[in-house]
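Look for chain A in each of the two complexes below; its partner is chain B in the first and chain C in the second.
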Partner chain A sequence: MLFCTQKFLFFFLIVFTVYWVTPWPRVRVWILLSASYYFYQSWNAELARIIFLTTVVDYLIARGMTTSARPMRRKALLLLSILGNIAILCYFKYANFFLDSLRQSLEAAGAKSSIPVLEIILPIGISFYTFEAISYTVDVFRGKIQAERRLDHFLLFVLFFPHLVAGPIVRAGDFLPQVHRRKVWGWPRMVVGGRLILLGLFKKMVIADRLALLVDPVYANPAGYESAVVWMAVVAYALQIYCDFSGYSDIALGCARLLGYRLQINFAMPFAASNIADFWRRWHISLSNWIRDYIYFPLGGNRASAVRGAFNLILAMTLCGLWHGAAWNFVIFGTLNGIYLVGHRAFRIVTKNMTALRRMLESTPGKLACIALTFLVFSLSLVVFRSASQPDGTTSFEQAGKMFRQLFVPSMGAGSPTPPVVFWTLLATVVIGHLIALRPNFLSDWNRLPAPVRGFALASFLFVTLILPPETSPQFIYFQF
Partner chain B sequence: MFLPSRSSSARRESLWASGCFLLFFTGFLVAMETRFPHWTDREYAARRDMALQCHEENPERPMLAVIGGSRVGTGFFPEEMGPLHDKSGQQISVVNFSHLGAGPRMNLLQLHRLLREGITPTSIVVEIVPAHLCSEITTIADLSLADVSILRPHWNDKQLLINPAKARLKGLFRFRNGFLDTVAPDFSTSPPLHLSRYGGNPRWLESHPRATADKADLIREIRWQFQERMLNWRIDPELDAAMRAILELCKERGIRASIALFPESSEFRSWYAPGVEERIQRYFTGLCDEYALPFYDCRELMDDGDFHDPHHMTPEGARRFSVKFGDIVLKNIASSP
Partner chain C sequence: MALVAPRRRPARSEIFWTLGSFLALTTLFVVYVEVWHPEWYDREHQVRRELLNDRTAEAPDRPVVLVAGSSRVVVAFMPERLGPIRDKDGREALIFNYAHLGAGPRVNLIQLQRALRDGVRPMHLVCEIVSGMLHHDDLPVKEISLPEIGVLWPHSNKVRLVASSIGFRFNGVYRPRTALLRSVAPKWVTRSATDKDVALLALGGDDHWSRLDEPSEDEKKLLFKLAVIRFKSRMESYRLDPKLVGATRELMNICQRENIKLTMFLSPEDSRFRSWYRPGAEEVLLGFIEELRAAGVAVVDGRLWVPDDKFTDPHHVKTDGAEQFTDRLERELLRPLISGQIAR
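== the complex of A and B ==
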């Protein structure tokens, strides 16, 4: 059930109505729980049962940790939870990747292998809810939060449908107190929820889906297009993945708001970042924070030596890349961004005392150049991320190689598969959107406008959102992760 | 984020947004129903543009329009024929104004649509698939209200009102490409129809979902579609009335009409039950006698090798047929008084 479908609209309207006409808080939790279970099982009933069971196990483990005073037992329980969750994630998501890599290594070494390919259905959203479950037990172990007493509340924390399949990765410390809080109908909250949903739909249906019409054919056959078009596709893919994923997150946040819950924002104008470290603080924030809190800091962060700090950073980012999918191109994407971050850190240390350079970088042209460079390096790393193996046997690396060749060796080929004016319009829309949202007083200025003006603007935005989507709408990109 | 400060302000914003959107939505529907009925039907829109352009280029020329279903859409390319002249020596513009799946009702509608655009052809050829006289399947959700009012007397089915009404509820989204074709063509993403200058579609196989289908499967599918109607061929009175309405309208507007049956493969023809062939002939000759118009049965005009499936020609077959059709039928029509 995709967010931008009629089926979801009806589903949500029913849940929303039943939820708000029910006066009893406990029943409301059950309504949301039932809706979330239905939402997930509409993809695969069997996998819904698996999530349900693993969530119950995590609940029991956390309860066990709270009731036990023995540190060893608490540690063992934590280990059990982490290993159990990772084992499930590895089995469903990475088993074939590891087996395939092993098979290729054996074959490269001249050995004959008969390692099978497992037929596994990947549970949608597994990377998201596994990380939520792990963060919960770790936080309970660390004493940051109390283990939730009520199973229904804990189940809702993991299964809450707005964030279930593609995040944001919520923290128990943020979410569980909200389940306990009494929800009261309020127009301001409804308006905010509606605006977020509208913004998300626009990003997904108008920008991301339209850019896909340019990106997909070029990435499938880069050699067939001229270099300028391949550059357009590289930029278009960065915009597409941003609008697709942040659009999903906005809809998730909006739906949650309409039901009285507040989820963490996942994107904060990432293309306005002036360096790669800033970029990763603005891009997929819930994952970046998770990696920081549960991998990078436990590894020692940057408290150890510079070399160890760099290693920790690259390792954390490599795991971040691997989180996206069981393929080497994701691993390389993560490592590459880790190297960028290390490079940026080194640059900061080296230029610490170069006042003239610092002043130049802090000037407006310098900042713009930094923003453009950050966007460029991230977009180029996405070439590796996006390049997929082809039906003709071309591997993802060969495909990425073809893309880079077309990018850096000027070559002839077909023109843009979509009218260039569409690309430029969408690019301008994203840039203008960033500029508007970055204005310091944007929200207060907006709220000061007369209600009819705001209403007219929202209605126009909805009109455009319904008029401009292309004929076909691909699935949200992050559903595959 | 975005939090309006007061509840009343938020409520007013929601109400204004809903009101304005309803206004936009209504405005869109009104514009579509009154000024841009072609937004609802992309094939009609493409053929309308073609016919209007053809008419504007040579307004003095008489026009001969061939209307019919997919057999005409895929099988008749006016561009392939040489120039056609009437008795006085004036060149005639021949256009393919067909519509996918058209039977008597849709043909009636196509003729009305042509007249609605201010184009009155001097002659029309009405192509009919005999099976379409038993029942005609049309995507009624794609009809404008003006179209519905034309079909209403010939279609006593409440779906004729319900389906377009349902489609209007999704109006903005469903008919967006028609709107974009008019307002911002670069942003329209519906698959192009590749019509050539006079409405021929020599590239129809490129975009056809069944282009690469297994031949046996294709035959089975088409047989399943037609068999019942070819075995128990009987004329639906409403469809007969629609057929007669076309001829009456032609009479009223001074348009010379002819009726034609387009080519069928020997396999397709073998599906007619015994006795059906005579009834078909009897019906058409009777109708043509009644209205004093010529009847051209071209069903056996082409070899089996010219067909992509049992009743649609390949683009090459269609080119050969267009030349033959021009020589045998259209020249005859053009030279008649």
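== the complex of A and C ==
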């Protein structure tokens, strides 16, 4: 059940109505829980039972940690929870990746292998709720939060349908207090929720889905297109993945807000970042923060030597890449971004006392150049991320190689698979969207406009959102992770 | 833009103004489509209509013969294959495939009304009878404009008709969006929409659009399954729906009134399809055909005209089946009909 389908609209309208007409808070939790379970089992009922069971186990482990005074037992329980969650994640998501890599290594060494390929269905959103469960038990162990007493509240924390399949990755410390809090109908909340949903639908249905029509054919056969078109596809993919995922996140935040819950913002105008560190503070924020808090800091962060700090950063980002999927191109995407971050840190140290250079970089043209450079290097790393193996046996690396060759060796080929005017219009829309959202008083100014003007503008925006989507709408990119 | 909310009263006003404005915009848009561009609801008819208008404009004096029917006729009748056929006065007839996907008695009726409204007055209407569609025929609300609902009114369950029409127009912006873009911003029409667009030859024959010649095994299974879902149970509990019979009678009446010579035919079905007829179903169907003949309508039974190996699924033919069907239709129906040799 995709967010941008009529089926979800009816589902949500029913849940929303039943939820708000029910006066009993406990029953409301059950309504959301039942809706969330139904939402997930609409993809696969068996996997819904698995996620339900693993969540109950995490609940019991955390309760066990709270009731136990013995540190060793608490540690053992924590280990059990982490290893259990990671084992499930590895089985469903990474088993074939590891087996395949092992098989290739053995074959490269001249040995014969009969390692099987497992027939596994990847539970949708497994990476998201596994990380939520791990962060919960770790936070309970660290004493940052109390273990939740009520199973229904804990189940809702993990299964809450707006964030279940593609995040944001919610922290128990943020979410569980909200489950306890009594929800009161409020018009301002409805406005915020509605605006977020509208914005998310526009990003997904109009921008991301339309850009996919340019990106997909070019990435499938880069050698067939001229260099300028391949460059367009590289930029288009950066915009597509941003609008697809941030669109999903906006709809998730909007739905949650309409039900009285606040989820963490997942994107904060990432393409306005003037360096790669700033970029990762704005891109998929809930994952970046998770990696920082539960991998990078425990590894020692940057408190140790510079070399160790760089190693920690690259390792954390490599795992961040691996989180996206069981394939080497994701690993390399993560490592590459880790190297970018280390490079940026080194640059800052080296240029610390170069006042003239700093002043130049802080000027408007300097900032614009930095923003463009950040966008460029991130977009190029996405070439590795996006390149997939082809039915003809071409590996994802060979495919990425073809992309880079077309990018940097001027070549002839077919023109753009979609009219260039569509690409330029969508690019301009994203840029203008960033510029508008970055204006400091934009929201206050907007809220001061007369209600009929705001209402008509939003209705027109919805109208355009319904007219411009392409005939075919691919599912959200981040569902596969 | 999204995360700072206005205060309570302005927030409530914003929601009501948004909903109200959207309702107003949608209503305006629906009215615009209904009044000025009803063809946006039915792309297939739009393409056929433009082709037919072009052909009739090229030679206004040619007698027009429209061959109407369902997807079976869309794929099976190839008018471009026909040699010149002349009427008694020696004029060469313009024979046009005027079929429509999913057409049963009600869509056939609407198609005739559309032709008349466009100023096309055929000399002959050769119309298919799909036996299963006299038992049940899906309400064609997605393809018709509001005034055309009036055509369906006497021949439909009125509650269902009203509910489906309103439900469809509730989503009145999203559905005709491609037609709108085609008209105002053609560069924004996607390639998939263009690739799947209705592709017809000059006389309305299928130009590799809906006919499938070499389906994969999966496609074959799917097509068979669809045919089973749509027709098997209808044929196993076969009876005539009075409303659909009524639509056919109205078609006859209009033809009589407008002096259009109506001829009907049963289109090819393979042996699997024919095995679905319940015992006694054939008699029910033949009884209806006798009734038509008694009313002066010639009816030809073409169900056995194409052998099983020339079918894609139980009731749609491949290209070689279409050629065979077209040749036989020409020989046994069109040529004698147009030249005035079929006794009515």
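Throughout what follows, the second predicted complex is superposed on the first by the 481 of 481 C-alpha atoms of A that agree within 3 Å, B and C clash if a C-alpha of one lies under 4 Å from a C-alpha of the other, contacts with A are read in each partner's own complex, and residues count from 1 in each chain.
One rule holds for everything that comes next: a residue touches a chain if its C-beta (ideal position, glycine included) is under 8 Å from a C-beta of that chain, and two chains touch if they have at least 3 such contacts.
Computed from a predicted model, the values in this text were never measured in an experiment.
Enquirer: Based on the superposition on chain A, does the combination of chain B and chain C result in a clash or a fit?
Expert: clash
Enquirer: One more residue to check, A:I436. First (chain B), second (chain C), both or neither?
Expert: After superposition on chain A, A:I436 lies in contact with chain C alone.
Enquirer: Let me test your reading of the model: by the given contact rule, A:D250 touches which partner, first (chain B), second (chain C), both or neither?
Expert: A:D250: touches chain C, not chain B.
Enquirer: Tell me which of chain B and chain C touches more residues of chain A.
Expert: Answer, by number of touched residues of chain A: C.
Enquirer: Looking at A:F10, would you say it contacts chain B, chain C, both, or neither? Reply first, second, both or neither.
Expert: neither
Enquirer: Could you tell me if A:P188 is touching chain B, chain C, both of them or neither one (first, second, both, neither)?
Expert: Both partners, chain B and chain C.
Enquirer: Would you mind listing the overlap between the chain B footprint and the chain C footprint on chain A?
Expert: Shared contact residues on chain A: 186-192, 194-196, 210, 213, 265, 419, 421-422, 443, 446-447, 451-452, 454-456, 458-460, 462-463, 466-472.
Enquirer: Which positions of chain C touch chain A when the two form their complex?
Expert: The touching residues are 1-22, 24-26, 29, 171, 173-174, 177-178, 180-181, 187-188, 190-193, 196.
Enquirer: So in the complex, which bits of chain B are touching chain A?
Expert: Per the touch definition, chain B meets chain A at residues 1-21, 23-25, 28, 172-173, 176-177, 179-180, 186-187, 189-191.
Enquirer: Considering the complex alone, what residue numbers of chain A touch chain B?
Expert: 186-192, 194-196, 210, 213, 265, 419, 421-422, 443, 446-447, 451-452, 454-456, 458-460, 462-463, 466-472
Enquirer: Mind listing the chain A positions that touch chain C in their complex?
Expert: 6, 186-192, 194-196, 199, 210, 213, 250, 254, 265, 417-419, 421-422, 436-437, 442-444, 446-447, 451-452, 454-456, 458-460, 462-463, 466-472
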